[in-house]
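One chain, subunit A, links the two complexes that follow: it is found with subunit B in the first and with subunit C in the second.
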Partner chain A sequence: MTSVLGVDMTGVEPGTSIIRNGLIDSVGLVRLAAFLETELGIVIPDRDVTATHFDSLAAIDAYVRRRTRTPA
Partner chain B sequence: MNLAEVAPLPGSPVPPHLLNEATTLTGALAALADTCPDFPCLTILDRRRTEQVVSFGALWEEARRVQSRLVDAGAGPGAFVVLILPTGPALLAGYFGAMLAGCIPGLVATPSNRVADPRVYAGRVGAILENATARVLYTDDEVAGLMRNAGAPGLARIRVLTPSADGHADVTPAQPAPDDVATVQYSSGSTGVPKGILLTHRAMLNNVRAVRDGLGVTPRDVSVNWIPLYHDMGLIDAFLLPLLSGCPTILIPTMDFMREPALWLRAMHHYGGTISWAPNFAYTLCARRVPDAELTGLDLSSWRVAINAAEPVLATTIEDFARRFAAHGFSPAAMTPAWGLAENVTIATAHPVAHAPTVERIDRQALALRDVAETGGAADIPSVAIGRCLPGCEVQIRDHGRVLPDRHVGAVWLRTDSLFVGYHRDRERTAAALQDGWLDTGDVGYLAGGDLFFVSRDKDLIVIGGEKYAPHDVETAINVVRGVRSGCAVAFGVLDETRGTEDVAAVVETRVEDEAERAKLCAAIRASVTDTTGLGLRHLLLVPPGGIEKTTSGKLARRATRERWAKHLPSAGTPGA
Partner chain C sequence: MLGLLGALLLAPLYWLVPAGRRRAVATGLSVAALGAIDARLLGLLAATTALVCGVSTLLPRIRDARARLVAVTGALGVVVACFVLHKTGGGAGGQALASQQGLSLLGASYLTLKAAAAILDAARGAAGPLRPGDVLAWLSFFPTYPAGPIEELGHFRDQTPHVDTARVLTGLERILFGLVKALVLGAHLGAWADGIVADPAGHDRLTLLAALYAESLRFYLDFAGYSDVAIGLAAVYGFEVAENFDAPFVRRNYVQLWQRWHMTLTGWLRTYLFVPVSRQLLRRLGPERHLAAVVAGQLVAMTACGLWHGISWNFAVWGMLQAAGLIWVGSLARPLGARLPAGLVRWWRRSRVAHGLAIGLTFTTFSLTIVFAVTDLASAGRYLALLVG
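Right, the complex of A and B next:
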């Protein structure tokens, strides 16, 4: 993920808020979603690209698991 | 549809004199629909490779239908209509439809800044609706629902319309006069509610013609853009300029570019794009973040003009983009730094199009100590020329009313025939900005041999990705956090060269000394800022009481505070940093 965002993510804890800490901005957020779509073969609707689902590694993990189970 | 293939569009049948003779935007579209109704002037391309093609005639018909629906909804001459829609045929027809109804359209951002609380978005839109005393909000179900759920005050008095196939073309269109207000452009100011910049048909057409002539735009150009239409560069330069000039006009919804930046480049290749507009960060994004695999076979040799405007242009960005895309046929001369502001409709200066950007290196000490830009000396700050005056534009560098000579740094003032007529319902701010026909742009820079160079902003604004944010909003979010000395927080932008745009920084006074408590305080401050504004606080500095600089009248001195704590903040090698 470091190369996608261009930010050093090593040492970032699962619960660390990446948006609040300015590690990722709204552009980075969208690119992260695009990256996950391509890499994991899931569909992420525009309206889901929010802090709720993407503000920490833990949140991203949970969201991706849900999308993988329910592809609709 | 395969973007790897090159599919040149049909040649434009539009006679150039149409734009020369136009006196209103609606009159211009009427003439185009009359003369070339079937020309497929507009193509909206999304990331699924779906194309929606719209002809002049179809755009006109759709606009007439929207006109009738607005009139039926009680929006009469002079009424404000706020449009919130992603780039697409509905937004474009809605924009013209509002003008045909005699209304004043204002385009506002969709909730693409999705990081913020929907209630905060609704509050901001509500404030705009109230300032405009808007009669109609023309939007989609998502935003309409969001506004209703948030219980936005004042919404009950406003008719909310969503695009539909309804409407008829029987109502006589309004015939505005050239000096009637055609559009209200919203631009973030130094406080929360965006300013409503009033632009007449005359001013907008004058700017479109000045840009056309300055860049040498002809109907043989092909315009490809992804910038949002609620941004002045989007509405006028990505849409009205090519449309009224008779160029094939390709538009990519902004979110689709964000999700796949290579889509922009592939579209330039596919359509043989010759002109495109983007803020600096987008060129850095493409240079550094698009994988080689997405560029296979890409040919950008048709790209004649790559405008870089709406935020500071960085030398590193210019170099990175040229280096990366040279192998794909991109000519360094195509990169065209430009400068302007919404109060001038759009740009007022542009670098000569057939020439690669001019980057000089100036001495930091001379700049800091004597406000002069000297090449030579340590030559340690790169300074990018952001253009020469377009036809009909004049620039002056002033210090307290005195016009300064070349290479002296001062306030940038502008006189053109495309200036705004005022801020809506804000006579005081208008009077402060417009004096004797000259506009105080709020930017600081210098002239050298006809080239304008940007140094910094006088107005305290944060510009990220070409969009403006008010430091006041960030500071308000910080001040409500317990542990922060109330009123003692300043926010400002700090350049991040790796992204080619700014990060948000804040300096905050607190008496809290315990390390663990300070860590909690930082987290609380960050949460408040992100939840309220959608912005992430990249740099946060806690300082003891007295750490924030104030003016003699007790107001926050953002620049002075930033300079005081500069050693603790990243510094960028550009003027004004």
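Right, the complex of A and C next:
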């Protein structure tokens, strides 16, 4: 995350809102989605690139787990 | 104001309606109120509801990709054409906020965004066939119809209106705060600042800068005040509506400011323009051209934001300047910061003085650009020349 987004994620709890706390913005969302698609071989539809799925490390983890089980 | 007063007077009767029927009654009241304000709105609502429901029903049945594209493009074309007519048709029939001028149909700008969202969701398979009753209730909901917040269909549709004393009192308090913000503070600031922007010659630089600060605050008070009224009135009728502003002028950079300014609009722009445009370009250009993709995405989204406010060059320039600010913070400043001395970066991020400076710098930048939202291109250029010259 730190290398992809270029921000210091030290001390960020799994449930901390990384959008409201300014650690990630729209550009970060796009960058993170591209990274996850490339590294994990999943397809993330545009409609899923939202705060609902990317607002915390826990939310991202849960989304990725769902995505790896479910085809696009 | 008359609409608000009528809605508040009718509210006690509405509370007597059984919970299961409140949505239908709220829709009936909303449609009746809008029809009383301007009978043309009834036709507009009916046509928009039919278009959205028609597209959401037909699209899943169309297997051919090109035919789907034609259907979606055609439906969006109708929506955009109506929007352009609304924005360029003139008249004062569409004014909900003091800062809105020359619109022809009340709430049509917001209706356009809602309709486009529903069509694009249908195109992306995010929504199944929609029921006309749900769509009409969502489009016409009186508290949010004239000037937002722009509710998401799912969020509005899935609510069961719930009325209790605490919610009603909170709603009434919110309405009062909103009216003070918009009609007292915003209106007075606007009246003072508009005079200076209209005739800047003869004023010193400090006054010219103060007038731009005042215009920024005026827009905030006007929009946020109206949002308070809408959210409060919705609460009186038992509905929860999305928040629209969260102290945007005490944020330390442009991205944070825009994350808290007119949040339902920026959410719309992010979901339906920035993300799809930048991701599409990213796939075509490859990860090494990431910057070009997000720059293009920001330019498209924020220029559209400007043109949504007004179809003229000054609003287009205003939108592009917002994009430039977002690109600077989101894509350029961070890599540049990595080249600065670590101590300086640490000070900038942690010091209270730096925090205050950053807030002031962000607010000043926003205020300097707002001149393009309040006057034409040539006048804005003259104003800025007087300010710096």
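We take it that the second predicted complex is superposed on the first by the 72 of 72 C-alpha atoms of A that agree within 3 Å, B and C clash if a C-alpha of one lies under 4 Å from a C-alpha of the other, contacts with A are read in each partner's own complex, and residues count from 1 in each chain.
Throughout what follows, a residue touches a chain if its C-beta (ideal position, glycine included) is under 8 Å from a C-beta of that chain, and two chains touch if they have at least 3 such contacts.
Only a predicted model underlies this, so the values are computations on that prediction, with no experimental measurement involved.
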Subject >> Partner chain in contact with A:30 - subunit B first, subunit C second, else both or neither >> reply: both
Original post:
Is A:49 in contact with subunit B, with subunit C, with both, or with neither (first, second, both, neither)?
Top reply: both
Original post:
Of subunit B and subunit C, which one touches more of subunit A's residues?
Top reply: B
Subject >> Partner chain in contact with A:68 - subunit B first, subunit C second, else both or neither >> reply: neither
Original post:
Is A:19 contacted by the first partner subunit B, the second partner subunit C, both or neither?
Top reply: both
Subject >> Residues of subunit A that lie at the interface with subunit B and also at the interface with subunit C >> reply: 6, 19, 22, 25-27, 29-31, 33-34, 46-47, 49-50
Original post:
subunit B touches which residues of subunit A in the complex?
Top reply: 4, 6, 17-27, 29-31, 33-34, 37, 46-47, 49-51
Original post:
How about subunit C: which of its residues touch subunit A in the complex?
Top reply: 121, 124, 126, 253, 255-256, 259, 270-271, 274-276, 278-279, 282, 287, 290, 293-294, 297-298, 326, 330-331, 334-335, 338
Original post:
Touching subunit A in the complex: which residues of subunit B?
Top reply: 112-115, 142, 255, 258-261, 281, 285, 288-289, 464-465, 498-499, 503-504, 523, 526-527, 529-530, 534-539
Subject >> Contacting residues of subunit A [partner subunit C, same complex] >> reply: 6-7, 19, 22, 25-31, 33-34, 38, 45-47, 49-50
